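Next come the structures, one after another.
Heads up, the next two complexes both have chain A, just with different partners, chain B and then chain C.
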Partner chain A sequence: MDITEYIKLVFTDYTLRTITMGTAILGAVTGMLGSFAVLRKQSLLGDAISHAALPGIAIAFLITGTKDTNVLLLGALISGLLGTFWIRGIISKTHLKSDTALGLILSLFFGFGMLLLTFIQKQPNANQAGLDKYLFGQAATLVESDVWLMAIVTGICLFVLLLFWKEFKILLFDADYTKTLGFNTNFIDVLITSFIVLAIVLGLQTVGVVLMSAMLLAPAAAARQWTDSLGIMVFLAAVFGAFSGVFGTAISATQNNLSTGPVIVIVAGVFVLVSFVFSPSRGLLFKQIRFIKNRRDLQLHNTLAFMFRIAETHENISHPHAIKILNNFQGFTKGTLQKLVRKNYVKLDGSMWSLTEEGFKIASNLYNQQSDNNE
Partner chain B sequence: MEQKIAVKVDDLTVAYNYKPVLWDIDLEIPEGVLMAIVGPNGAGKSTLIKSILGILKPIAGSVSIYDKPYDKQRSLVAYVPQKGSVDWDFPTTALDVVMMGTYGSLGWIKRPGQKEKKAALEALEKVGMLPFKNRQISQLSGGQQQRIFLARALVQNASIYFMDEPFQGVDATTEIAIINILKELRKAGKTVIVVHHDLQTVPEYFDWVTFLNVKKIATGPVKDIFNDDNLTKTYGINYKVSIQE
Partner chain C sequence: MSNAQLEIQVIASLVAIACAIPGTFLVLRKMAMISDAISHSILPGIVIGFFITQDLNSPLLILLAAITGIITVVLVEYIQKTGLVKEDTAIGLVFPVLFSIGVIMIAKNANDVHLDVDAVLLGELAFTPFDRLIISGADVGPKSMWIIGSILIITIGLLIAFFKELKVSTFDAGLSASLGFSPAVIHYGLMTVSSVTTVGAFDAVGAILVVALIIAPAATAYLLTNNLKRMLLYAICFGVFSAISGYWLAHVLDASISGSITTMLGLLFFMVYLFAPNKGVIAVMYREKQQRTEVSLLTFLLHLKNHTEESERHVNHLNEHINWQKVRSKTVLDLALKNNMIQFDKNIVSLTEKGDEFTSKAIDYIITNKDAQIEHMKDDFFLFRG
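Coming up: the complex of A and B.
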């Protein structure tokens, strides 16, 4: 299938449209909530929640015997919440670091979940196959009601986010201070964490346990690079997440047999990569360019200041001096000299240089500044 | 002279693990003093403030603000946390941080409006940070960040201010600016409690002092108790500071 055919299909084909909508909404809600996990530096949280959800899926199947998505995800939600609040309990009651508690619960629940999955697979029951799709997700199984559920949860989440925006913001920035103002920080924290659990559980069917945390972190980490405003960051993260879903679905639909979840995660990863390199204020590329430019400017200023000190000793500031003198000076290069000439600060005449009127003025300012700074 | 007690701490004991970090602290802070809390690193100065403000739960003891529990008196108290306790790379502006000082009086859900913004701008003006109101907070110097924190507390318009090392990492100009604001607060009848590190400036800046090292060593007027004896008891070594008359 090529791109034009794909675009036609998105609007006509029910299955493809459902999957595209589903992954877009999922990307948006996880991106939105992921901003909070990223800003609290809880990058392991998403991983812990999704892995903690696995045994719930297995137990829900063992109890009910159905493979109905809603039933299994309800199981996932319960064990996800259980795991998450267990982590909170461990952190507040013992003195384990939060990383340790997260890692501990993550491996404990995941190990238990895997154990149950293997057990289920050994059962002589024709119905058992297919639970392992929750490990890596299978977007193709999305139906319209799944998408509706995602849309409703996203809507509620957006509403709560807007309602408690001020409380979320201040808690993220300064939890102790928030407490002194009389806000119940536990409540705010439980609220946001519950929504993160909900969003992750909704994504298990599409992206799976193993890669789900990338959906939470990648769009938010990318968004952080482009803005210094929390509101814009959350918005951008939702947009990046949604696009990851759409592009990922498109790529996997046009390239036969590529499974959707991992492709979505890779697209989200590309967003991160591009953002970390190309963001104007925080990106590596512009940082490097600024660094080189600053170093050049410094060289230029130092050379000019050095020339000024020599020129100063003469009545006539434009008195010519030998270029050789400058060789004593470390910052001096031919390029620097050329640049000073181009800026009309310096005149060259054979092997001699002299400051121009303008160059002298600029240099005297610089020189005074430099000696001020040294005091 | 009958003086009201602004803050009263009774038998306060606090522990993070098993070993108490604060041990049986009794403290009475009279209204209207500008008080320094001094003690070596790890003495429990921050812990004391956090326990008074209900951020930490003590093992034993009680705290009252003007004879009532802290819960009932929140609106009377403002807090300036240690600068290092937050992530200054957080995506927000100086004005936005100062506005947070109004969140307590706003309560749940209600958003700050024009009135709150005006108060925040006034506080920024007071600490000389108005030109930087739209700066991202990571683009501020350490001293400027400290001023922002101070402005956030000023917006609360409280009666009692707790400040944890407001002079940490600030330049001389900022230090003078801050101490002038603190003295102004005292002049307005407020009670100001400051964790302070530079012993040399204690007599110049403060009129009241508490020596703390797990236990309370002494508390009282600077002119009466700020002496080598108490310093040695607090810091362990033979401590000598020259106190200017």
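Coming up: the complex of A and C.
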């Protein structure tokens, strides 16, 4: 199937359109809120929350007996919030560190959830099949009302985000200062954490508890590489998230036996990889290039300084010297010599070189600076 | 109790012990989440190993999976070293991607591979007794028991051999480096042991329970003691207790054994979290309340000492001046009276000799901040303790 055909199918086919819309919106909202999680160094909180939501789903099913998505997600939301606040309690009330608290809540809640799920499976209730889709998510089960729910929640998130933008931003970068300004930091903190929980819970149906944390982190981590401005980062993260959703859905839809969740996570991972390598200011590639360039510049200066020291001993600065005497000096290569010639610092004459007027001036400056630094 | 039931409990207990030992050090080194990352990212290693060996219990598969675990650690550290993202983000990025690759590899080969994701995630302890190890025709017990048993013996051997080094490097990395133990060797040694344990245990109990068994007993023990040896011992006891009681819980409910073991671990942690003598939530809250009262008492006494005029020391005035609520002022007054520090004279409060002396000492302490002056006061008050 070629691309145009696929795009046409996205617009005509109900299921594909719903899933594409759903994953795109999900990616956008998780990317948006994930930016805050990443910047607040709460990256793994998402992992803990998504696992902690599982018992909520099971209990909601046990109580109501329905498989209505909204009811189950409400259960997930409550249990996710419970997990989050217990984590905060453990960190603030005991001397256990945050990583231990996260790991504890994650595994304990998840294990309890599995106990309930297996318990439900043994019940004589034919309705229970399919609860385990929340483990890895099944984008195929998305229906239009789910997408509407996601869209509404995303709208609310966006609205609150814009409303409290200043507060969120200041809390992010200087919590103590925020407190002295008289903001209720606890309230802002709880608000933003609750929205992160909400976004995670929304994604459970599509991506599943196990992989949800990556949806939260990957777009934000990728966006972080391209900018130092919070607004742009949030926007970029939303875009990356949405594209991960769309591309992931496209890839999994055109292949057999590929579940959507893992594919979306891998696509998001590719975004991160590309950003890590190719981002102009922070990326590894340009960092390496800058590093090499700096080293070359240094070598050039070294060669020039060495030449200057030789030329200094002669009355006539343009007195020619043999290239050979440069060879025992480290900074010298044929390339650097050529570069010096091109910059018109040095004149070449067969196997002899001589400093030009300009080269001498530059080099003496350089040399003076160097000796200044040495003193 | 049938033979199979006994074997399941033995396997669960062995897994619990094997997990508790590296878990204690991971919790102390603030690397608990690494175990979560390892337990997820060994999946591709397991799948590749399974393609090659077609046997979930083969040593080659364990080796491959353990290598994937170490690759995870290295990758996380590499990403962290580039400075592009923080450590926790690095962990959160690496393991879902590796896990996804594993899930997709399973899904693409679903038809010809007897391996499904649920089994990897949850394990099935109930089936372990059926996979027997047969040496020259004789049945010597379930394979899992032998695997986890040998891992446990190696772990204990390493623990005894390197206990001192582990201890020093956990609590003071700088000191251990200056003493000549390479922190890197110990770090990667611990990571290797954790990976191998996770892989060896996951077949029986699944990836998530491994995390629970690594973190929860150690965290519970950490709330009860500050002594490393005792913490190890407690962690092992908690692990084994949850393993056995969890098995019976599952038996009663007819539900997943690994789920019930985790639930037992959770209950145990919750109880200790609430009721631990010094570090439990209730103890901490009680102590905080005591300290609050004592600070109030001190403020009150200082106020009395500073004001000689009677109007400032009238009971009614005190209430509004220091702005305490009725209940609290009553507790403070009672405490002061009980300690013979104040006396009433027609609703005028004044310090007794003892109270005066106490207040002077307290001021002295606050100003000089020297511990020696308050040694004997410590018995009466929480405030000055530690």
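Simple rule for what comes next: the second predicted complex is superposed on the first by the 371 of 375 C-alpha atoms of A that agree within 3 Å, B and C clash if a C-alpha of one lies under 4 Å from a C-alpha of the other, contacts with A are read in each partner's own complex, and residues count from 1 in each chain.
Keep this in mind: a contact is a pair of C-beta atoms (placed from the backbone, for glycine too) under 8 Å apart; a residue touches a chain by one contact, two chains touch by 3 or more.
Every value quoted in this text rests on a predicted model; they were computed, and no experiment measured them.
When both complexes are overlaid on chain A, the residue A:95 reaches chain B and chain C alike.
Of the two partner chains placed around the shared chain by superposition, neither chain B nor chain C is touched by A:314. When the two complexes are overlaid on their common chain A, residue A:224 makes contact with chain B and with chain C alike.
Contacts of A:107 after superposition: chain C is touched, whereas chain B is not reached. In the superposition on chain A, A:210 contacts chain C only, with no contact to chain B. In the superposed pair of complexes, A:293 makes contact with neither chain B nor chain C. Once the two structures are overlaid, the count of chain A residues touched is higher for C than for its counterpart among chain B and chain C.
Taken together, the two complexes place residues 41, 95, 224 of chain A in contact with chain B and also with chain C. By the touch rule above, chain A contacts chain B in their complex via residues 39, 41, 95, 163-167, 169-170, 172-174, 176-183, 224, 227-230, 232-233. Of all residues in chain A, those touching chain C in their complex are 38, 41-44, 46-47, 51, 89-90, 93-97, 99-100, 102-104, 106-119, 122, 132, 135-136, 210-211, 213-214, 216-218, 221, 224-225, 257-259, 261-263, 265-266, 269, 272, 276, 282, 284. Across the interface of their complex, chain A is touched by residues 27, 30-33, 35-36, 40, 79, 82, 84-86, 88-89, 91-93, 96-97, 99-101, 103-104, 107-108, 110, 117-118, 121-122, 208-209, 211-212, 214-216, 218-219, 222-223, 250, 253-256, 258-263, 265-266, 269, 273, 279-281, 284-285 of chain C. For chain B in complex with chain A, the residues that touch the partner chain are 16-17, 50, 53-55, 71, 74, 77, 79, 81, 85-87, 90-93, 97, 100, 103-104, 106-109, 111-112, 136, 138, 152.
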